[in-house]
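The two complexes that follow have chain A in common; it is paired with chain B in the first and with chain C in the second.
Let's look at the complex of A and B:
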């Protein structure tokens, strides 16, 4: 490209960098602010003196949060959910994606199956009928209620499927030539060459199970069985406003223990921050998640 | 024939575990929609509950706030759709002008992040930031001599809070599609334009934007399917009865009718109407996307 810079161009570039820097800072800044509050003293936080750096640095809020049995209990539920949910999601997804990635001439029912999966993206029974089915299948109040109903993510299946379809045909043909069947081909050829994409989908599933709070809220009858985000939903967000007059609402905002909430928010964010660099690498590579495809 | 069946058997076996889950938990609820036409009592089940025909639908049309809720839903989602198209396109165009690779990557890293956080977390952050006493935003307002505003409990402000915080969460991630499309524009076009004496502004106008147009049309039509999805997770974590007037949407209404008031049949009826309208919009937008952008998902 021809490099010719006029002064107006230079002005634009400076402005452009400034605007983008401002946007990114604004985007990330609330999280840093919350982090600063969580490490600040209670008095500084309630007086609103904290900006981007802790005032009266201490870790009391964290030790308070961690000493809460309910918090630890819900963290345990989330870990259990991850250990069960992620492998099940991946297993079902990879198996389905492999068989749906075949050409119609090799697998005559493919089109029927694909449509059965895809239709669920376009239409659903809605909240109440889904709740009824979960109840009828006996999953209310059980850890499986958080795992089984969401065990198949059609979006992920389509993503893996598209990747499998893009693999060189010769690779699979060679495997069949050597007498391998579908199972062997999947295990020894397809999965090993698809590890990067499978790793990414796994991380997405981890993020999904970590973040999902609604099914915990409605399918679990006792708060002891809430996963972390459902627990956080009830303690951080869900203040019962119904019995308060408007005059008291302002008061409520003041008595809330800001640093403890901030600590909980940050603890809920931390695992995402940890896996984020690995997920993000995938987008930088230019592959677009389940999006535009030829 | 038998041989063919045998050859395909493993492929069937591989699909079925996932298919069983989908049949039970996606198609099961679709059958469960019958309760919209019943006076459903859980103890009686789907089969013994009394049939009432269209009574539930008639009842819901006479709910005092139903049109308000429909209005809120469309108003909020329309604003989100429009802003959700414009902001990412502008940011993608700006990012496209950045030549320092490390800077571009850093910006991307920071703006993609909120997409991966749940509305429980983001809701907690938003409520803290907007708190009338200690929130940073109101401190700024006071500093400039204004009066603190209780944003999340103010019917005038609430829809704008929803739209702006939704942009915060999603605009970065939405730029990905446009950035990917930008990389596929042929560099020779720009070289030719430079030869013809076009400045950067004209290059953007005559090459970049037309190059993006198919993706823009695609995203616009696909987002039509969301006209009735005003964002349950977000609204649920930010609203309160004080702002029902401006912030109550169909999904939150369904939740309260069904799981708080136990009016299962009425809630299902509302949900069904919503699903049907969404389906029509989605089908329509797929047709449009195919017409104008030649896009097919399968």
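Let's look at the complex of A and C:
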């Protein structure tokens, strides 16, 4: 009986792992395909002959991409954006979450404020009003235009907030008893015990700033100031065939650089892929712990 | 909404104007005494004199003191400039300043991809932060005109435009200027580099090395096309012993994009085309415009396509393949016949040539299924882009001067195309004409290129060729000799019996049918267009694949009319009534 049960259990596990492995392989395929194209010869790539293994192996597209100043420049912009954006997001997020995590008796209009925050999650201003605000506040064409409009992410605030509310009340009470004020409590007690959620939110923020491309295109006034993903968007987009004139002829004849595009996609994804494994162990814990309220 | 944003935008605008004054005051005055052109205050040039018998304004008069002209610019994926130049400082900006006294300034520069362009323009227009001169789409032009944000250019065009420019604009019965007009007033300058000719007329591209191999002759009738397609499918043209080739390329959009087969329908005197309920023809019986996609002749074309599909001449996966995907089957040497346009040689056929040296393609005129000649049709007989001047800009004639200037430097008698069109630096050719703020294109340039280059290739006498044509000539010779294949595509385009020979004959024999509707999309088109297009492509795909009987076409037409088509037809005819009077 026990034997039978365990063998069915084993069967289930094998099946389960097989399905999960299949799904992960499916997710992995596109990346491998892109990688294979980036190492293939240009003619094999345009003829669609490349599957999961490079055809006509060469590194030309990589040396070309590395020699492109535009690519490196946009990478620089993205790094700058990360260095400015992530600390700002974290600072504002933690401060907002701390105050909103207080009980109503400590912070009378807490619920109202929480709703005000949540409201911005539900309703956005739309493209043009948002653009107008960015324009009027003088953020156009500056790195701050990429940082300030997304400085507070309410979703992250809610995550942190729930985590804070889950902390043992005794901990905070003890802190106040010993004469610490809010600042000291936050810095010395709350933040050190909240590392899991903070790591998670940091990861979210890093990924957000890395991947976000639209504001770069809209707010920047010259392609030199595009962050990496905005630059990628302009490179990878497909041609519009409906209207072509002779002026485009020469351009068109030189356009078959799918291998270069693939190399750029891969190089653009690589750094963020490398970040994941390091933060992942906090990642799971962070979400789960933050989501359960007392 | 728009007026409000305009008002709030004016604060910033004032600041901007202030900035301009400062920059123009600082700008280079050294060149002022170089031009001896008659000096005139720009305002006096047009409105102030007011009378028509005033001496024609000097179309090239230099501004003194120089004026400032703001605009916005888009830069390609891999912009190339001669050393030291940039989009803000190049041969054109310097020439505008020194010869015309116009200091061009880019308020912003963005990447030139369709999505980016449209988004960036729409926020710019909505925010009211308009530059003096803008390069806009037909739809944006319409919007700006209707909200009264652009200047009327009728007078300045009449007074300043040079002979050459007027010549270009009067092409095809003045249809181009018509498209830039609103209530009889010229509100924009058409950008003839962006379509507007008949160059886009479809033709048949056939892989001639396969023809030779299978001992077939080029198509003259629709039966020939069928015969060739059948042979290309069944007789193993690539000689690999496998039946892995298809007779004819077809993409999921059926007509537009790469491997669209609008030329196929021409054989049946049907002219369907649908980017946004776009192709309209005149109904001879009523004298009104009718949508081409619902004409009974379309059904015959669909029946023929269905037969080809049944015989396996078309890739059965076509409904999921877009132009780029179909191009892959062409560059991998799986297809030998397609309906397309002149530029197909440069992409994707040039890629195939690079991969397979033996492959050869040639374009042929469209063929007919009966004794009536087939007519090629052009969906966009007018340019897709226009130049507009912001309302209230003091020097609106400057755009016409810049247009004249471009014409002079590129096409004029004293053209300096080695300086203004393509510059050679360290043996590398760099195209610089794209930096010009205002550009134009003479519709007969390419036919002329074809004639002169073909002649020169025969005689070896290159004295008549300008630098641009000489470039074609050299590349074509190298490609024929096999020493350098990068310019192979120029042969089937400009060479003997090339695409421009085909186009020339179309025009000479009156075999081109222009879309009769070239206004901006009507309200119902905007609302229902995408939906109707989806319905149409779905219905036609089903008929081609045999999933629905051909008679379903009649059902589609009924549905089309009820689901907004009738309303669109009404709107289109309202537009037509205002145009034809």
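What we mean here is this: the second predicted complex is superposed on the first by the 235 of 294 C-alpha atoms of A that agree within 3 Å, B and C clash if a C-alpha of one lies under 4 Å from a C-alpha of the other, contacts with A are read in each partner's own complex, and residues count from 1 in each chain.
The working rule: contacts are C-beta pairs under 8 Å (C-beta built on N, C-alpha and C of every residue); 3 or more make two chains touch, one makes a residue touch a chain.
Because the structure is predicted, anything quoted here is derived from the model rather than measured.
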Which superposed partner A:46 touches (first chain B, second chain C, both, neither): both
Touching partner for A:183 - first (chain B), second (chain C), both, neither: first
Touching partner for A:276 - first (chain B), second (chain C), both, neither: first
Partner chain(s) touched by A:12 [first = chain B, second = chain C, both, neither]: first
A:95 touches, of chain B and chain C: first, second, both or neither? first
Contacts of A:120 with chain B and chain C, given as first, second, both or neither: first
First, second, both or neither for A:32, with chain B first and chain C second: neither
Chain B versus chain C as contact partner of A:59, first or second or both or neither: neither
Touch count on chain A, higher of chain B and chain C: B
First (chain B), second (chain C), both or neither touched by A:132: both
Chain A residues contacted in one complex by chain B, in the other by chain C: 46-48, 127-128, 131-132, 135, 218, 233, 237, 241-242, 246, 249-250, 253
Contact footprint of chain A on chain C as seen in their complex: 5, 8, 12, 75-77, 107-116, 119-120, 122-123, 126-127, 129, 193-195, 199-200, 256-258, 275, 323-325, 327-329, 331-333, 341, 343, 346-348, 350-352, 354-355, 380, 384, 431, 433-434, 441, 445-446, 486-487, 489, 493
List of chain A residues in touch with chain B within their complex: 1-2, 6, 9, 12-13, 16-17, 19-21, 23-25, 27-28, 30-31, 33-34, 37, 45-48, 51, 91-93, 95-96, 98-100, 102, 106-109, 113-114, 116-118, 120, 122-135, 137, 148-152, 154, 157-158, 181-183, 186, 207, 211-214, 218, 229, 232-233, 236-237, 239, 241-242, 246, 249-250, 253-254, 258, 261-262, 264-265, 268-269, 272-273, 276, 279-280, 283-284, 286, 288-289, 291-293
Of all residues in chain A, those that touch chain C in their complex: 42-44, 46-49, 127-128, 131-132, 135-136, 141, 217-218, 220-223, 226, 230-231, 233-235, 237-238, 240-253, 255-256
Touch list for chain B against partner chain A, complex: 8, 10-12, 14-15, 17-19, 21-33, 35, 42, 46, 91, 94-95, 97-98, 103, 105-114, 116-118, 120-121, 123-129, 131-136, 139, 150, 153, 168, 172, 176-177, 180-181, 183, 187, 190-191, 194, 199-200, 215, 218, 232-233, 236-238, 240-242, 251, 254-255, 258-259, 264, 267-268, 271-272, 274-275, 279, 282-283, 295, 297-298
